[in-house]
Each structure stands twice: as C-alpha cells, then as structure tokens.
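For clarity, chains are labelled A, B and C in written order, and residue numbers in each chain start from 1.
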C-alpha cells in the first residue's frame, strides 16, 4: 500500500509539472506583457527603469528559464501579485478555496448519497418501477446542462417558492453562521451535482445488476444467508468499486462545473475569482487559480484511488 | 477479402437490426434528424432575422414573434434557429478535431506499445485528470472567443476519449491471426495499420464520435453562457441563456431562456440515447439488460 | 443404506427467455439416502446443474422457475413450495452446495475467515469468536496448512485447489445431510482433482453425508459414485448402481458416453457421439436423443419413451419396453 501511494504521488507530480508547463505556455500566449500595467504614461517610469524591472522579473531571459523561475517561486508559496487587486495571489486564493471545496465536496457527497441507494434498488430489482425511474433520472441528468438546471432552480425555488436564497454564501450584512451558509449552499450544490447524480445512479445500477448474477452471490445464498446480508454485506461492496472509479473520473468535471455554478449563484469561491481574473486579464491570478484547481483534482484523484484500493484487496499485490 | 466483406455486411445488417430494436435509440435518432432538418429548412421558408434590432423590445410571445423578443428587440425564435445551427456546427466540427487527433494517437499507442503507449496514455491521463473547463476558459480567452476558437479548443482538449476507446480496440485486434500473418509476410506497419486495424476501429470511433457531440455542445454552451464563447450578436444556445443572468429576466421573461435551455437538453438527451443504442448495436457483448 | 434424505419426483424446471418459456428439466425423479453418493452425469447443457439449483431454490431470479406438480422432499418434508426465508434455514445447514469455479464462487473483497464464519453464525447462532475457532478447525480438516494465518487472507491469495478446499469446508461447516457438488474438480489439475475427490469421500464417510455429485467425467463417476443418474436433454435417461451401469449400459446414450472414455490398452479409434445436445427451444417431439441415436426409429421421433424398470434399474428407451417389469407385473 505504501509503495502504491508513493507511485501514485510520483505520477501525480509528473501530471502537475505537465499542467504547469501548459498553464505557463498559455499565459505567455496571452496578448500583452506583464509590464503593460506599468507602462502607462502616467506611471512616469523611464525606459531604463523598465528594463531594470524586466531584468529583475526575469522577463529578459528565455521562456524556459522564466518558467523555472515561476515554478520555483510558486513551490515556495510565491504565486505573484494580482495586477488588479494588488495583493498576493496566494492570499486571494486561500480566501476563496474553502467555499469552492465546500461546494465541490458537498456536491460529490450528495451525488453519492442519492446514487448509491437508488442505483442499488434499481439494480437489485431490474425492469421494475425504481429501475425505470432511475433510468429516466440518469438520462435527464446526463443531458441537463448545469447552468440551465441552476436557472430553473432559481426560477422555481428562489423566485417562485422563495425557499432558498439566490446568491452569495451569507445574507448581506450578516456575521455568517454555518446554518446560513448551508441554506445558501442548497441550490448551487444541487445544480452542480444533478448531472453526476444521473451518471452515478446509472453506474451503480449497472454494476449492482452485474454483481447480482455473480457466483459468490449464489454461494452466499447457498450458505443460507438472508437476502439482507447477501445484498449489503456480499454484493454492495463489490458493486461500489466501479462507482468509486466513476467518482474519480467525474472529479475534474465536477470541479470545472463549480466555476460556472459559482458564477451563477455568486458563490464566493475560486470560480468567481477566476472569471473575474479572466475578464481583467490578471495573469498571475489566472495561473495561480488554474494550478491550485488542478492540484485539488490531482489530490482528490489520489484519495479516490486509495479508497478503491482499500475496498478491493485484489490489486494490492499486482503493483 | 470477399468473405470478410460478406461477413462485414452481415455484421452491419445485424447491428442495424439490434439498433432498431432499441426503441429509445430510434426515437433519439428521429428527434436529431427532425431537428437538423428544421434547422436547415426553416431559414429557407421563413423570414428569420436573428440579428435585426427592432424597437419592439422585451415582447412576450405572439403571432409575429413566436417566442417573443429580447432586450434589443431581436426575434427569439430566429435566434433559437440560428443559435442551434451554430451550436450543432461547433459540436460536430470540434469532435471532428478530436477524432483527427485521437484516432491516430489511439492506434499508434495500441499498435506500437512501449514508449509510444506510455507517452500517449500518460498524456491522455493527464488531460483527463485536469478540470478541462478551467483550461478551456483560459484557452478561449487567450485565443479570443469565436466559433473557430471554440472548435479548436474543444477539439484539442477532448481527444483522450477517442484514444482510450481505440487503444483498447487495437490491443485486441493486433493479436488476431490475420494481423500476425500480415506481419510475418513482411507487410509494413503503416499498411497494417491502415488496411487491417483502421477498418476494425471504425465502430469504437463511431461510438466515441456520437458521445463526443453532446459533450462538445455542452462545453460550447457553457463557455458561451459565461460570455467566453460565441459572441453577441451571433447567436448560440449558450449565449441566449447568458441573457438570463439577472433575476428580473429569469422571473419575468422565461421565453428568453427556457426555449434555448430546452433545446440543449433535448438535443443532448436524443444524441445520448442514439449513442447508447449505437454502442449496444455495434458491440453486442457490452449490452447490459 | 441409511434414512431417505432426499426424494425428488417429477421435477420440472422452466426457463423464461426472450423467445418464450421452455422447459430445461422435464420431470426428473431420483432419491438419495444418508451416506450415499449419487452421480448425475451428462454433457453440458443437459440440465444437471439446473436440477441441483432447483432443489436448492437457487435458480436465477426471474429466469428459472420450478413448475407446479414438481416435488422435492427433504427427510419426508415437502420443500418445493418453501419460501426463500424457509429455504435459507435449510441451505448451508441441512443441504449444502459446492460450485465449480472456486475463484468466482468466493467473494473477492472478503477474507476467507469472514466468509467461513457465516454458516456457523447464521445456523449455529455462534458469536464471532467462537465461529472463528470452528472455522479454523474446519479449514484444518480439509487440509489447509496454517489455517489461523491463511484464513486472514483473501481468496485470490489461494491456489485453485486450496480455494476449492475452502469452499468444501464452508459447505460442510454445519454437518449437512446433503452435499451437492456441481463439477467440484473440473477447473483443477488432474492430481489435485484426485486429492479433492478423496477428501470429499473421506469427509462424507466420517459425517455420513449424502452426496450428489454432478459431473461430465465418467472417470470421476466410476471412482466415487454408488448410484448413477444419466441425464440427456433435460430428462433422466438411465439410472442404475454404478457397477451395473459401467459393465452393462442399456441406454444408447450411456453406451455412447462410456465408449468415448479413452482407454490406454485399446488402440481402436476413440468413439464419439455424433451431433450436439439440442438447445432449450428445439427439443425433438419424441425421444430427446433421437437425432443422435444409432437405433432411432419412426416411433422414437414421434413419441417420448417413459422410464422402463428393467432388472432393478431404470432406462428411457423403447428397446427395453418388452422387459419392463411394471408391465409384466
């Protein structure tokens, strides 16, 4: 297990380096130079001074050297200064990361919370009411764009029924309690997760359906175990394995979808910060957020892989 | 060769039969066909002016404006039709780009193995492990938003799905006797890949293509929704929803955003159903209940 | 022989398929006494496994179904109408079953111990601690070395032969009256096969368990069975004690089966039975074997022969109609 985790972390580091290279290349393709902000006539900086700053920032070196400077700074926690907000990027991100994690993680859990019981019931009794209902939910979920779901939710639950607040994380002017945050979380969380509820339910249903005809299930019944034990102790654990894999695959799109969801609900997370940075062409901030979001997904994937290994003893000695 | 042709036609005959049994898939296909026909024919027979700004702003649906008008007095129905053309066009062509990158890479990774496999598959892993929406946003804003940019970005970011399906298929084909036989008689690698492997890889490629389209349309509409995709005045289903980012419009002018959202939804669900049927028809082994 | 533990009469099982409902087993009759070994033999697809799964109420959900009029008596009690709950009290306690594929028959995500303790806890009401002790004892009995340590491992860490021993240990945990073994050694190497068969035989003697051995291997039958039921196309075609059957097979199918066993001291060509077992949906109207039978007549094609009693054994073939004891009596 220890060796596996180590190996998994090493591949994640390779992926991380790949992502940073891509991000850096993208940022360097962006129109304008980081110095543009300084080269405004009213700043009164002379060309010589400008050249000195350029040298100090490493901008006169070849691009791969610049990349290493940037990577080195980033690894030591220096993500640069936001052009528009004039504060360290890392500080801006850490102020927002909690909201994004809360939204993403609660969405993942909500999807699993709905999909596991529903998919299990559907796969255990296929071609019955619950199964058909879960199929409909799955197809509808997969085809419903999260921003459209979000607008519909706002229309129904915030505008018409006035059950939940439309935007933000806390009521304006309030000191902000946990209960208040949770009430604000309901709609964005549901909008973000709706698609994944569909995908996960379908996956759970199919793997449950397949597991029910496995030989060990017959063995368990032949031992005289009750249906409850056969289902919950013998079948469910095996049927969960493909769902864990699916959760890993969906992690990226979940976190990516959070960007849009945050924007719609003005959720104060990294997504809204990112879109603002894009609008302002605030390169250090854009790069910082891209890297941090990627790290979150990479770490999440490692965690999911470890969970998979804890559930399935077979792979341990194959590594 | 003749025998294998015969075998192929029997296979496709069976596949068509299996597909037609799948009622939902047939329904999905029918909806997609009707939709495409409408998008092509309607602009020819009706006078649709998607970009004409008129003084009749914010009108509720009536006889002249089937779905009302927006805040610039543009006819929502016209925009819906032209937006659909844009969205479907971007969906189709960006998957074409994905296929152009993914199919050769998948075949190379599966056929050559070793370093080619390690590099290509790791790269695919990496592309799939990063939140693509995040890079999409950065890429689109770097390259300045337009239909061409969207096709390029969605195409470049989405190839791993093709690589995965083709890689798995090629691995199983390359062990087949006829490939071994071709190799022992000294047939070149390129010829083997084009003549023996590529034809067998058509089914997984078709499946990947079908499932690629809804996900590309989804990405396009999400980016357009954020204002980073198709730029106004040009219409797309995504940017029509962009107008609904204010509570006033959401609550009082549902005709401005619900039709576009429903169009995306119906298109995606139909193509997905069609894809499900296609996958089951082309690969009977994977059929589950 | 001892007490009658199992009496199966007119057991008919149907399968609901996409193309319609077809019988897979047609009115099977057999009995089993304590301590006895009955072998059920036949080619794959002849209904042997379906027969045993029908007795156990383990037919695949929604697909297989035991037809009305079938009777399965366990120690004199009719169990064919038992509910799943009633059956689960019998299964693993009074009637146990061992399946063919030892890898897929054990749960891959549970340790051997977790799976071994279940019968003790469910049927004997033991606490976990106590059940573990009994499980280790049982594993020792079937020849697992270091059972305390091995029991903490997962099935994939065992060899095929060892896994099959685990499955047998699990089946025998509660000292059942009937043990049904469905091709217990088919997936194993020949040397391991012999070990496993000997172990089943020894344990059966020790515990006075009645065994139903399902196999297609006539060699295995000759070594272990007391009586043999030959099945073809979902029907019993011949039933006799083991020695009689091997020395004097009556049914043309049994004769074909025995002729196809390779013999070392015989250099004539190996004989085979031409043709294939008919599928579920296209069973001949007459004798199920008629398409492959060298003695087939017009009558065989139109009429399905009943089981005739001949010299204390049963055979389903018109050639023995004259000798039927029930007819002369």
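Quick note on the criterion: a contact is a pair of C-beta atoms (placed from the backbone, for glycine too) under 8 Å apart; a residue touches a chain by one contact, two chains touch by 3 or more.
On a predicted model such as this, the values are computed, not experimentally measured, just so you know.
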item: Intersection of the contact lists for chain A and chain B; value: none
item: Label of the chain whose CA centroid is most distant from the centroid of chain A; value: C
item: CA centroid of chain A to CA centroid of chain B, Å; value: 23
item: Mean-CA-position distance for chain C and chain B (Å); value: 54
item: Contact footprint of chain B on chain A as seen in their complex; value: 11, 14-15, 18-19, 22-23, 26-27, 29-31, 126-127, 139-140, 142-148, 151-152, 154-155, 158-160, 166, 206, 209-210, 249, 252-253, 255-257, 259-260, 263-264, 274-275, 278, 281, 286, 289-290, 293-294, 297-298, 301
item: Residue ranges of chain A in contact with chain C within the complex; value: 212-216, 218-227, 229, 233-234, 237-238, 241, 311-314, 317
item: Residues of chain B that touch chain A when the two form their complex; value: 122-123, 125-126, 128-139, 141-143, 214, 218, 221-222, 225-226, 228, 241, 244-245, 247, 250-251, 254, 257, 261, 264-266, 268-269, 272-273, 288-289
item: Chain C to chain A touching residues, read off their complex; value: 56, 58, 60-61, 84-85, 88-93, 96-97, 99, 101, 104-111, 118-119, 122-123, 154, 156-157, 167, 170-171
